[in-house]
Each structure stands twice: as C-alpha cells, then as structure tokens.
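What follows is a group of structures, each given as structure tokens.
Same chain, two partners: chain A is paired with chain B first, then with chain C.
== the complex of A and B ==
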C-alpha cells in the first residue's frame, strides 16, 4: 500500500502554508534573485571560485566495497566528489517569518537529500556536503521561505528570533550582519559567522506585513492567526499525545 | 478549550520596571544604542574587580570588549534586571549565578550536609546487647555530648585536635518524634517540635507518620561538606555519633558493640538526602543527582507556611529546584560553564510562571469546581486523559498568547528553552494540583511541550527533542517497563539527565499533587520535619526570597573562613 503524505493537520492558513512548504510536489514561488557567488559569500565557508575542499577522494576513485546499501542509495553530487560537510543556519523571527525551525526541518527532509538538520528554538541548522549545501541555500533564500528582514543567516547569536523588531522592522542581530539600506534593500555586510565581507550582498527588499501574514507558518495571536482558532490542529496534537500515553495498553480508536 | 478572563497580570510590574518608559505590548523598539556593558552597574563592578586582580597577579582576566564575539560586547540590547518572583526585589542576572549568590550556595549546603539518623537501633543495642539503661536523662545527656562532638570536638581521647567553633557554628543535631510523651522529655533546645512548627492538621499527620521512633536531624559543618562531598555527611556524622555514644554511655571505645552503633549510623538507620549515582555519573550519596523529586518537595517548606496556596508552595519548589538541579547540578556538576543560569532563572523571576500557574488555578476552579485555595483530597478532579488534555491545553494556549500579546515578555524569556519550561511547568502544575496526581501533572507537561512545538514550530534546544517528545509514553500510564511515579523519579531518571529547565519543575509538579490534596508530606515525613528547623541558615519556606537576599548581598551564609585567614 503506497503511503500518501498528508503534511500535517489544520484548517488555518498557517497549516496550509506549512503543507505547501513541505510538499515537494508544490513549486515554491521564487521571490528574489541571489547569485551563486552571493550565496558563497554569505555562507563564508570558501572563497568564491575556490575549489571545494574535500574530506575524502571522489567515490569513483575510492574503490568502495560491494555493499547492497550503496547500490540502493545514489550519492549526491557533493558526496560523489568527496566534499567536506558544511552548514547553513537560519534564524526566523516569531513575528511572521515565512518559515520556522521545525517547519524548516520537516521541509528539508521532504525536499533535500543527504542532510543532517538540527532544530532549536532560535535557529535551525542543516549540514550537508558543501556543493549540495550551496544549491539548497540558494533555494532557501530565493523562494517564499525567506524574507530579508524576518529571516537571517546566522552562525551564532540568534536571540533576535523572539525579540521585538527594530524600528525599521528588522529582526535584532547583535552582530548586525545585514542592514536595511537607504534604497530599501537588505544587504549583508558580514557573513553568517560575523566576518566582514569585502562587498555588500543584496538579498532584496523586505516583504510587506500583508505578504508576511499570508505566508506565515507560525501561529501568533497578536500579529497573525491564533493557534486556538485552528481547532483541528490542536485536537490532532492532543490525539497524538493521548495515543502515545496509552500506547503500552494498545489503544484502539 | 474555553478561555477564561483573568484581569490580573502578575508580570506587568516587572515588565514596566525592566523596560521603563516603553509600552510592554509594543512590537518595535530601538537597539544598538545602549552603550553595551556601560548600562550595567554589575558589569562595571566586574571590570573594576578584574583590573585589581590583574594588577595583583600580573595576568589579564575579564576582557569583555576584546573577547566577546569578536569585539561585540554584551549589551547591544537592553541588559534587563529581574524581579525574583513574589519577592519585590529586582536584581541583575549576574547576581543569580550561584557563584555570586551566597544564599544559593547555602541552600545546597544545607541539603548536602544533612542526614537523618534513627536512634532506636542504637538504643536497642545499648539496652539489649549491653544491658545499659536508656532514659530521657541519658538521651538528653547524649544530645549534649553529640552537639559538642558533631562540629568536631573530642569526647573520648586526650590530647586531640578540634575544630574552631566559630568556623563550624552552623553544625548541630536536633531530634524529633511523633510521640508526645517522648517529645516532652527532650530538652527544648534539642527538639524539633512538630506541634509548634506545623499547622495543626499537618502536624497531626506528620506525627502519625513518624510514629514513636526518635530521629536525629543532623547537619554537619558546611565547611566540611564543601571541602569533601555529600558522601562525607553520613561518615562524619556516624563517627561523631559513635564517639558520643561511647562518651555518654561510658562504653569501651573498642568493644564490638560499637560496630553495631556504627552500622546503624552509617547504613541501617540513616536516611540520605540523595541516593548514590551509577558509575558514569560518579557521585556518592547526598549529591544533587540522587535527590528524588518527592523528597525534594519535602525539603522545601512553603507548603508549611502557605498551606492554603498550593500554587505558591509549588512555585517555591520550582525556584529552589531550578537553582539546584539546573544551575548547580546540570550547570556545573554535569556540564560546566555559566549558561544554565539564564535558562533556570526564567522560572523564578518576573512572576511570569506565577501568572500562568494562577491562570491554571482559576481555570480548574471555574471549569471543574476545584477549590484550589482549600486543599483537600475530596474535591480533586479525576486524573483522566481527557481532563489532563483539557487543563494542559488551556494553560499552554493562554501562556503562548500572553507571550504573544506582550512582546516585552517574549523578550524577557528570549530563549525557547525558557519559554518551554515555563509553559509546561504551569500546565503540569495545574494538572497535578487539580487532580492530586503527580503523574497526571507530568503528563500535562508533555502535552504542553507537543502543543508548544507545533504552535510555534520551535521548542527548546536539541535535548528537548528527546525528553519532551517521548515523555507522553512514560507518564500517566504506569507499567513496570515504562517508569516510576513522579515521587520516586529524580534528576538521573532515564531521559531526565540532560535537559535544563525540567527537573526543578518536575519536583514542583510532584509536590503540587500533594499540596493540592492537603497532604502534610510528599515522600518522607521525616524529611519534611527535619527541614522545618528554624535554626537552619537558609529558610526553606521562602527559597526565592532567600535567593533575592543573596542577590542583594544581605544573606549571611555559614562556613566562612574569615576567622582563619588574614583580614582583608
């Protein structure tokens, strides 16, 4: 019997947005252009144009053992080449940033291969082979999963996710890695771990409040949709909890 | 889910004090213009102290501008003060690190230096094996000898070294019993008088539970347990007990019956405050990881002082528990560093958890008719899955909404682990106080965590992924392969051993179940009596107030070395 993912419960726009992001059959809207070189600069792992550092020889040269798993799993391009494993980490404001930590992890697991995500309250990190990472990062910054004011790429100091917004609508960042410039665009002046960049990297204009609210994946009773209003979602979580509690007694529904 | 109206917002005063001149409900503010460390008097004091130390030792020390995150010092946003909940005292966060807070140190010292030792086994040895007479007079004489010996004085040998009474003045032994006739014969200075220390109903219940036995509440010198460890307490105590029996009852110092007394004092008749931990934790008895949650709730005495307010009593356990289990146990014994303090203090500052918990109290009264301010077994609501789901859901949703409606409060609890612990604690406390069942409380905690995670798509740090997403399966449904009731769990319970922001709250959830029922104790009546002692340096009925006193440097601890070091 083929399993058909449902991508989570809920009747609200929040729930629907979550499903859209997770469902790999749904094409996410591209809302900005970030060049390959700009992605490399923000990540800060290698200089643009530099060769990918490797952790091991290319698989084709490695003389791999005869292994049934290797026959089943096709390596990613980064794995084939022996790239080292590097990361991108996002901080998402609780004021209607279009993606949020667990939402990112769920989405990545449906859409990406060869990844190791980690989910915390203020940040979400994903680690994978470097050239794979760059492709994924470009997708994550160019599509509707990103807003230049409410999402940011940060290796450390992520408390801005829960803080009030600055007067200009930007999420607080102790290191001020990116700034809202006079032309209305947000530009990175430091890479994700806070090292100054040789040139500014433009990630575009912040989306307006109406767009953010319409694309939000977090419940919020002040600036968005109250969690309480999505009764189906709440009841589904209660059901999961109840079944887990009773599981030792083999519950039947 | 049926939200109730609650006009009172206990946290508002704190938000207004912390964010002066700002609207606590505003979404926007200003950053990057606070002057970094200059805004904090305490950080300025640190810089000055460090300069003095550097001059004295010829080596650099505290260099926040150079060393913090590549030259960006703390304080790009407002460095907040904190009100220790329900104390009215505002302090800087630094003052709540246990290194900077003598009250916090003493709180843990009081527990680690305590054992309870029964006298009945020793009396049987004296009477049956040695044919000696044991009378009220001999018991009182023994207590005089013991209170001479326990701090470190000689009772048998000539020409012995002794400890300076001024350094060990916090050490003493009192006794207690449930038998009024025996209690009447004990010199008042040595007696923990249950009738006087507890409300009448609690006192009667405790006396019935303690029975006719006579127990010694022993507190060895703070400085001894600090220099050695918790495992020392029963050994130091047993040695002095043995010598005191020899001295008081004129025994031969080397006769075989002494071994019976030693065995009783070290093993058969001793109650440790914490059990020994397995080798991978490598701690002896009387160390924090071995304290059972039920026992910890008996150590904290707020239920004695506030018997009609089980929420307050539980919140005091939260404050004491997060300090001990998060800041000292996980934060230093297990991990090291300073970060755990920031997590832990969220649960006992700014009246935020207090507000969420009292909302739960109002809800359980409104919907189920539980008169939480009059604790009794009879009017608790039955601990069904449906009730737990309802209580935990409503309290969780309310707490999330409060954080959302007051962005300054979200900024106060800027870390997800802080919020998760606080929200789940309020949910768990509501369930345990409302039902009188500790595992219903734990179950409410875990539902809260799942709801929180799905609502905000975030929870705490990595560890919450494990502990809080499998907890549903080991609470409320009790089977041998699933776990213990909450009273018997502790910081080293499987899955509990790695997460800050949990253990103190679990202890409070356990305590809350009993406080809600009006019980006199949660786990061991002898522990409840032992820590009711007004002679202790730390008032176990008001741990949060005591921590606040420590923060503003008004707490007088024990174990000071000023008598034996050069004057400064």
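== the complex of A and C ==
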C-alpha cells in the first residue's frame, strides 16, 4: 500500500489549516495580486529588469563531472543558470497570522525545491537561487499564507511578532516598512532591509478578523483556538515527549 | 527613586497607541491633580536603522514625532504601549481610572496597581550618574541616552 502522508495531528481548524498549507496537492487560495516587479522591489536584491548576477557559469557550460547524484537530481532553473543565493524573511504576528515560522519551514520543504530554510521563534528565513526565490516569494505573498497586516517581509529588525498590534491592526515594525493607507491598502515604502523604495508597492487590504481566525495556523488562548482544546494534538506532543525522554534512558524493552 | 509610600499604577491598552491618541490620553491624564511622575513606555523607534545591511540609514517613522502635553512639547521616541504613573495617594488612581474609562471606548485597557518604577539605582545608573544622582530621576529614563526627562507644569 502506498504511503499517504498525514502532515500533522489534530482535529481543530488550526491543525486542518496547517495540513492544508503543507500538503502540496492542495492548491492554496490566491487572495491578492503582486506583480513580479513588486516582489523584486520588496526583496531589494537586484534592480527590476536587471539581469540576474551569477555565482558560477550555467551548468550546461560548466562541464560537470560524471556524478550519479547529479544524474538523479534535476537542477532548479536558478541552479541551471548559476544564480546567486538570496533570501526572503517573514515575520508573522502571534495574533492569528496565517502562517508561522515552523509552519512555514514544513510547508516550504513540502512545496519548494532547492531551499535552505532557517527557523527562529519570531522570524523565518529561506535562502535559494535568486530566480527560484522570486517565484516562491510571489507565491507566498499572493496566497492565503500571507496577510498584509499580520505578516511582513523583514530582512532585518524583525521585532514585533509577539507584541500587541497597533491601533490600526498592523503588526509593530520599528522600521515601518509598510503603511496602512487611507484607501485601506497596505503599501510597502521600504524594501525588506529598510531602504526606501522608489515607488510604493501595494500588497492589498488586510483580511478581516473572521477570515484570519478561520485561516490561522497558530494556537492562541486569548484571540483564537486554545492549544488544549485540540486533544489529539496534545496527545501527539505528549507521546513524542514521552518517547524521546524514555529513549534518553535507553530502555531495554 | 521611588518612595515606597507613593502608590503607582500602570495603564496598558490592548493596542499600542498612535501618537495622536497618546497625545489625547496624556493630556486627559495630565488634568488629574496629584500625579508625581509619569513614564511612557513601549518599543523604541530609532532615528536610524540600528542594525542589518541598511545600518545607519535614516529611519522615517510616522509614530516618532513631537506631541504636545499641556504646554510642553515632548518628543516621542517609542510607540506608546503603556503609561506608568506615580501618584500622591490612592484616590488619584481612582480619578485616573475614571479618565481612562471615559477615554478608552474602542480599545479595552487594564489599569494595574503595584510598583513599576525602579526602587533603587542600578549599577548602570551608578556608572552614569554617580553616587550623587537625583533620586527622583532614577528609572524615568534610559541611562544610556542623552537628554533628560520632560518637566510638565504642575496643577498645584
């Protein structure tokens, strides 16, 4: 019988949302339009329209050694062209943001190729070849994994994920990379490291509370679903904890 | 430095305040008679990018601006998250509570009583101000910063 991944335990809406994001066979809902040029501007790695700088010659010209692994693994487009390795980093508020650092890493590993994710408590960074990165970034910002108020692209000074929200519902950002405009849209005025942009980049309107609560992937006892309400999740985590603790004592049986 | 005999309270709104709202709130609280010291607290808004690849670049931020409390101009360097007050007696806290109940109609808030300011100088305070430090100023400002506290006109 073929193996069918379960992606994660749990019976709550949070657990279901986590599984939806991780499962690459599930098509994530597209909720906003961000152009390729917008993504390039927010990332700030190259000027829009500029050629991709390279770290090595294209693989077709490089004369690769005879290697069985290279025959098995198909290179990504960025690797084929010899692009530089660049990054995008997200900060997600604990107040019902649609994704979270660990969740992001699991999701990326199931959905993307040729990536090197780094997971921290309040931020999640992923490195990969530049043209692959732009494609992945566009996907991450256009789909239901992103909310313009509760998620933010922050290459540096990420502080804000665990703070109270501002009065207008935006997550605190010391560098104020994005602003909630009068028309209700959130626009980036700085790139991810805090350098001013030549033009504002629109990432759409923030989603309402009901949508955020229905699409959240974080347990929160005050504003969302409490962790202890998902009995199956608690049992699973307790089982893992128990097994690895016992393994530390090298049980005989 | 805090005298143990003076009660303190802390106003914590559920959302962090915009400068305009903070200005209105501080002006409303400032009309209450009997407040000795006031501390506006929250995450810092630096004038330049403090670290990362853009370190040292200017950091324009709409929440870092000058507000007017009474007749005095105050430069906000933080996004206002909480306000700590030291008052003359318990009755003043109740007056502050009435002001806050009227003010916070859209955002919930909590008003807590306790000790929220430093009770004695820390090592950093000693290094910065020495043994002859003005005890009323201890804990009101970051010892690593230049500039002092703002003096508001009293009501008595």
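Following the convention adopted for this analysis, the second predicted complex is superposed on the first by the 245 of 253 C-alpha atoms of A that agree within 3 Å, B and C clash if a C-alpha of one lies under 4 Å from a C-alpha of the other, contacts with A are read in each partner's own complex, and residues count from 1 in each chain.
Assume contacts are C-beta pairs under 8 Å (C-beta built on N, C-alpha and C of every residue); 3 or more make two chains touch, one makes a residue touch a chain.
In this text the structure is predicted, and so the values were computed from the model without any measurement.
Chemist: So if we stack both complexes on chain A, do chain B and chain C clash, or do they fit?
Modeler: Clash - chain B and chain C, as placed by superposing on chain A, overlap.
Chemist: Is A:165 touching anything from chain B or chain C once the two structures are fitted on A? First, second, both or neither.
Modeler: both
Chemist: Could you look at A:194 and tell me whether it touches chain B, chain C, both or neither (first, second, both, neither)?
Modeler: Touch partners of A:194: chain B and chain C.
Chemist: Comparing chain C with chain B, which touches more residues belonging to chain A?
Modeler: Here the partner covering more residues of chain A is B.
Chemist: First (chain B), second (chain C), both or neither: which does A:179 touch?
Modeler: A:179 sits against chain C, while chain B stays out of touch.
Chemist: Using the touch definition from the top, say if A:155 reaches chain B (first), chain C (second), both or neither.
Modeler: In the superposition, A:155 touches chain C alone.
Chemist: On chain A, which stretch or stretches are contacted by chain B in one complex as well as by chain C in the other?
Modeler: 156-157, 159, 163-167, 172, 174-176, 194-195
Chemist: Show which residues of chain A lie in contact with chain B when the two form their complex.
Modeler: Spelled out, the residues of chain A in touch with chain B are 18, 94-95, 100-103, 118-122, 156-157, 159, 161-167, 169, 172, 174-176, 194-195, 217-223, 226-228, 231, 233-234, 237-238, 240-242, 244-249.
Chemist: Which positions of chain B touch chain A when the two form their complex?
Modeler: 1, 3, 26-32, 69-70, 72, 76-77, 385, 389, 393, 397, 400-401, 404-405, 407-408, 410-411, 413-417, 419-420, 443, 446-447, 450-451, 453-462, 465, 470, 472-473, 475-477, 479, 481-482
Chemist: For the complex, which residues does chain C have touching chain A?
Modeler: Within the complex, chain C touches chain A at residues 13-18, 21, 43-46, 49-54, 57, 59-63, 79, 81, 107.
Chemist: Spell out the residues on chain A that touch chain C in their complex, using ranges where they run on.
Modeler: 155-157, 159-160, 163-168, 172, 174-176, 179, 193-196
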